[in-house]
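Following are the structures in question.
What follows is chain A paired twice: with chain B in the first complex and chain C in the second.
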Partner chain A sequence: MWDNISLLIIAPLLNVQLLLDGVLIGAIFALAAYGLALVWGVTNVKNLAQGDLVIMGGYIAYVFTTLGIHPILALPVAMVLMFGFGWLIYRLIISHVIERDLFTSLLATFGLALVIQQLLNLIFGPDVQIAESGFDILFLFGGQVTLAEIKLVALVLAGVLAAMIVFFMKTSRMGQAIRATAQNARAAKIMGINTDRVYAFTFAMNAAICGAAGVLISMIWVIQPFFGTSYSIRSFVIVTAAGLGNLPGVIVAGLGLGAAEQFSGFVLGAEFQQATVVGLLVLVLIIRQLQMRRQRRVVS
Partner chain B sequence: MFHMKPIYAATAMAVSLGLGLAGTAAAKVEGDTIILGSAISLTGKYSTNGIHAQNGYELAVKRINETGGVVVGGKSYKLKVVYYDDESTPARGAQLAERLIQQDGVKFMLGPYSSGLTKAIAPVTEKYKIPMVEAEGASRSLFTQGYKYLFAVLSTSEQYLASSLSLAAQIAEKNGRKASDVRIAMAFENDPFSQDVRAGVMDDAKKLGMKIVIDDKLPRDLSDMSATLTKVKALKPDLLVVSGHSKGAATAARQLQELRIQTPIVAMTHCEAAQVTAKFEGASEGLLCPTQWAESLSYKGEAFGTAGEYDKLFKATFAGYKSVPYQAAQASAAVLVWKDALERANSFDTLKVRDALSATEMQTFYGNIKFSAAGNNTAKPMVLRQIQGGSYNVVAPAEWASKEVVFPRNPNY
Partner chain C sequence: MTAIGKKRRSTFSILGQLAILVFGVAAPFLFPAYTFQIAMLWIMILFALTWDIMGGQMGYNSLGNILFFGAGMYISAVVQIAIVYDVAEYTAAFGAIKIDFTTAQYFTGFALGVIMAGLGCAIFAAIFGSMVFGLRGPYFAIGTLGVALAAGELVGGWDYVGGGSGISMPVYPGDVQPRALFFYFLCFISAIATFMFLKWVYSGRFKTTINAIRDDEEKAEAMGIHTTRYKVVAWGIAAFFLGISGAIFGNMIGFIEPLEVAFPTITLGIFMVVMSLLGGKGTLWGPVLGATLFHLFKEVTWIYLLGWQWVALGTLIIVNVVFFQQGILGWAQDKWPEWFGIVVDEKMSAEQETAREAAQ
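Let's look at the complex of A and B:
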């Protein structure tokens, strides 16, 4: 461990490499986490299938490459398809558990996660897949730091998507209805908002966001039917750290988590890269608990 | 008294059921057919390789039946395999092994796919003293339990990447350096198979006096190893060894390219499963990949002839194979071992057959087969192939090599 820390001090450019790798992938984590926060805030359903929706998006990009189409073109298609899938899932499952207690909705979404994993496994098989973007690699600092262009493209796309979502939430009627429902579902209902439709739209929009994140992930890392869980956990860590309805917080937490993973992977070894995510979740929960205690409130 | 009646009834039922089962339990040899049994992964996460193995079994059975069958006691018998799908779960595999032995009366077993499943089934076959010839469980922990009825035709997992160290040592010496100057970076998944591979590398590194500069464990749901590779870039080892199933190979190949890793020797397992030559054409150039078997090897034996002839026959029999996976070849070899042992035992007595198995010494298209007291095959080496111009060429050990190793590796990033 100390060797690795001293390595970072001797060769400061390594920090740049790790930071870039982490922050750029963190932007995609933030995207998926924002979708989770949205559903959580509006419907109060904690979606444990979040990561599996991401992986589904990845497989849509993979299908595009097998058809000889550039995977980046899968982005809008994946969003549309996943929107439809999300709507369907809301109607079939979520709408039945939305009024129930926390445990029921956790169980339902966990079941959904298992079903998605197994279906992907049946359709695509257990081997890892990638979607090759064919983009070049940039050399910074005389080649000592390398950066895949696809990561920059993904960052820009993730940014554009986030901006579009914010714009939509602020200006459109549906966006306003979503925000109203999040603030007080009962009041919104009295004011004539069809909250059931709002819930369905929110869940579908979340699925679309996840689909987009998945397309980007498949071009940067690798996907496999059972990889969803780690994205679910990351999303939960980010949302728990940032809080609901706090987009800047989600972005900062997402980027930070990406960087934290890279640095812990370097210093402690790759086996701690994902352990860091879970470790951070515990830490965030403890800090939140202490903050809430100061305010004499119970963390719900 | 009254409340005990259901228990009596249940006991009676269990007894009659037991008798019923015993009645059907005579299926080891039916007429002129010898029945082999196997629980194999036809669905679930191991299904791809499970089906390769099944195809291997079936091809050998077909071949043997077409060329005179198995001659025991002057009579020619045909072979037949009873399969059950273990759904890639060890618990199910163990259950099905019980069922094959207890219910179907199978006396001769073929192995399942993967070390995990073999680990689950071996205690069952051992309990009933039913010999099992397996072809897909490479974990060395299978051969440290003192099993008497388990025989494996493949090389054990600690040999997978160890050969890359001796190759690195040879290259170092050729270039006027000492073997002990070689610095190794290791990245192994934290699962039983990859950790066995790691143990083999550690042993050889110690023997050769090589220094290990990175020793990272990769997580199970690995999709990023750029932190490890950044370390590799900084420390510039002479040899990088990676093992993490196909996800490890795919992730490594993608990120080797992304980080422009210039390590002169890079060896990894599961190159073919991850389809690195197709997906990472430039980055995969010069990678060293171990394999149990290759169709270009000059092995030769009865039934199938040479490795190349087996390759042709397999492709002609099963559509959709561009190359023959070694998982299929070794499965076929396991069936050949059964034929050989049954003929030498000249009996269907499981103990006699077991003894015949342990005395096996044969040449096959898959390589030589001779079992140690522990049951693993010690006569066949692991071969190392290098990706050269997009195709896999055997480069080590020297006696089987078809091409010189390219050093340093020349990736086309």
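Let's look at the complex of A and C:
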């Protein structure tokens, strides 16, 4: 471990490499986490199947490459398909748990996650897959830092998507209805907003965002049917750290988590990369508790 | 009416306990081919019962109780090896060193390991509790889930206990058949002991107190109940029995490994929640019933739905949680309250009914 740290000090460009990798992947974590925060804030459902929706999007891109179509073109298709899937899931499951206690939504979406994982496993098999995008690798700083072009493309696409979502939430009629429902569902209902439709749309939009994130993940990293859980945990880490309805916070936490994972993977070894994510979750929750304890309150 | 209801209830309860005892003792001789599966059933019942202390009776829905199962397994493994040998050397050899345990060494090590696992886990629960008891609702569930997942990953990177490649446990000095019976009866006895202990604990003030925490923690605290102390004790009880079951299970399997055997958070860790919910959480018999049905469902789908068993299991979880959350006993309690000694005040319930209608 100390060897690796001293290596980072001797070769400062390694830091640049790790930071770059972390930030580029973190942008996509932030995208999925924003979807979670959206659903959490509006419907009060904690979606443990978030990561599995991401992986589903990734497999749509993978199917595109097997058909010989470029995976970037899968982005709009995945969003539309996942929007429909999200709507279906809302009607089948989520609409029944919305009024119930917090634990119900956690367990129900956990069951959903299990079903999605296993169906993907049955269809595509347990192998690790990648959607080959065919882009080049850039060499920076005289070849000491490598950067796959597709990662830059993915960053730009993630940024464009985020901007589109913000624009939609700010200006469109539906976006306003969603924000009104998040503030006070009862008042929104009195004002004539069909809150059930708003909930359905929110969940479907979350699924679409996840699908888009999945397409990007499948191009710059790898996908596998059971990788979903770690994305769900990452989304929870980011949202718990940033708080609900705090978009800048979600972006910063997402980028930070991406970088932290890369650094810990390098310093402690790859087998601790997963432990870092859950360790950070526990750490964030403990810090939250200590903050609240000062005001004699609990984290709820 | 209550006297008759009570008498009928106690007859039911005694008959049920007798039937379980007879089945438990006779099963390995009647179905020798299924000894392991039935031993698993007792472990599952223990899981559901211990989860229900926190989740059902106290309203703290933990998703990470499997942590104590794995911790107990590792504590007992280390104790058993350490009384004869150096643990680091033993694990570094990946099972290549086969040290001979004499019969006396094996059984003293095993007994010591089981006791240490139980006590160690109870202490562990007290420490861990101080970390997570400030969390409520979803944060408690996610926090405990996170800790259990982290434990599996961390143990997987800890070379002293063999890391990701695990530990092969000391070999039982004896034949296959007596070995299977020995571990079967240990599983059976630990499940029965858990049940009897909880029955005793639930018959007193403790149950009323933790139910008060479930119903309204602030009010319970205002009534002068030291809530944190009760929460730690409740979790300590669950951890003690889970630790013991982990120690027994590890020796029964013969080889332990962090992710699949010791800390299977997203399989067994979630199953214990689902089993309690299926039977009816917050009751004594609910987890027993739920675990039995769940285990049967699992074994049957494993045999007949090859490849689709996990999908069936996930669907069962969704249907159970979304449409049938009160569980079998909860549903029966609503339908026939007099069976459970719940006295329904006709006048009061009629008043509540009219009030509810007026509100709508």
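By our rule, the second predicted complex is superposed on the first by the 298 of 300 C-alpha atoms of A that agree within 3 Å, B and C clash if a C-alpha of one lies under 4 Å from a C-alpha of the other, contacts with A are read in each partner's own complex, and residues count from 1 in each chain.
Methods note: contacts are C-beta pairs under 8 Å (C-beta built on N, C-alpha and C of every residue); 3 or more make two chains touch, one makes a residue touch a chain.
Note that this is a predicted model, so its numbers are computed, not measured.
Trainee: Considering only touches as defined above, state whether A:Val282 meets chain B (first), chain C (second), both or neither.
Mentor: second
Trainee: After the superposition on A, what does A:Gln274 contact: first (chain B), second (chain C), both or neither?
Mentor: both
Trainee: Which partner does A:Met292 contact after superposing on A: first (chain B), second (chain C), both, neither?
Mentor: second
Trainee: Please work out whether A:Leu114 is in contact with chain B alone, chain C alone, both, or neither, and reply first, second, both or neither.
Mentor: Second partner only, chain C.
Trainee: Using the superposition on chain A described above, determine whether A:Thr229 touches chain B (first), chain C (second), both, or neither.
Mentor: both
Trainee: A:Lys46 contacts which: chain B (first), chain C (second), both, neither?
Mentor: In the superposition, A:Lys46 contacts chain C only.
Trainee: Need the overlap of the two footprints on chain A, from chain B and from chain C, as residue ranges.
Mentor: Of chain A, residues 121-122, 229, 269, 271, 274-275 contact chain B in one complex and chain C in the other.
Trainee: Could you list, by residue number, the parts of chain B that touch chain A in their complex?
Mentor: It comes out as residues 43-48, 187, 190, 215-219, 221-228, 230-231, 233-235, 246-247, 250-251, 254, 257-260, 273-275, 279, 413.
Trainee: Of all residues in chain A, which touch chain C in the complex?
Mentor: Chain A residues touching chain C: 46, 93, 96-97, 100-104, 106-108, 110-115, 117-119, 121-122, 229, 233, 236, 240, 268-269, 271-272, 274-275, 278-279, 281-282, 285-286, 288-289, 292-293, 298-300.
Trainee: Looking at the complex, which residues from chain C come into contact with chain A?
Mentor: My answer: residues 61, 63, 131-132, 134-139, 141-143, 146-147, 149-150, 153-154, 156-157, 164, 266, 270, 273-274, 277, 307-308, 310-311, 313-318, 320-323, 325.
Trainee: Given the complex with chain B, which residues does chain A contribute to the contact?
Mentor: Touch residues, chain A against chain B: 4, 7, 11, 14, 17-18, 21, 25, 121-122, 125-128, 130, 132, 137, 139, 143, 146, 148, 217, 221-224, 226-227, 229-230, 261-266, 269-271, 273-275.
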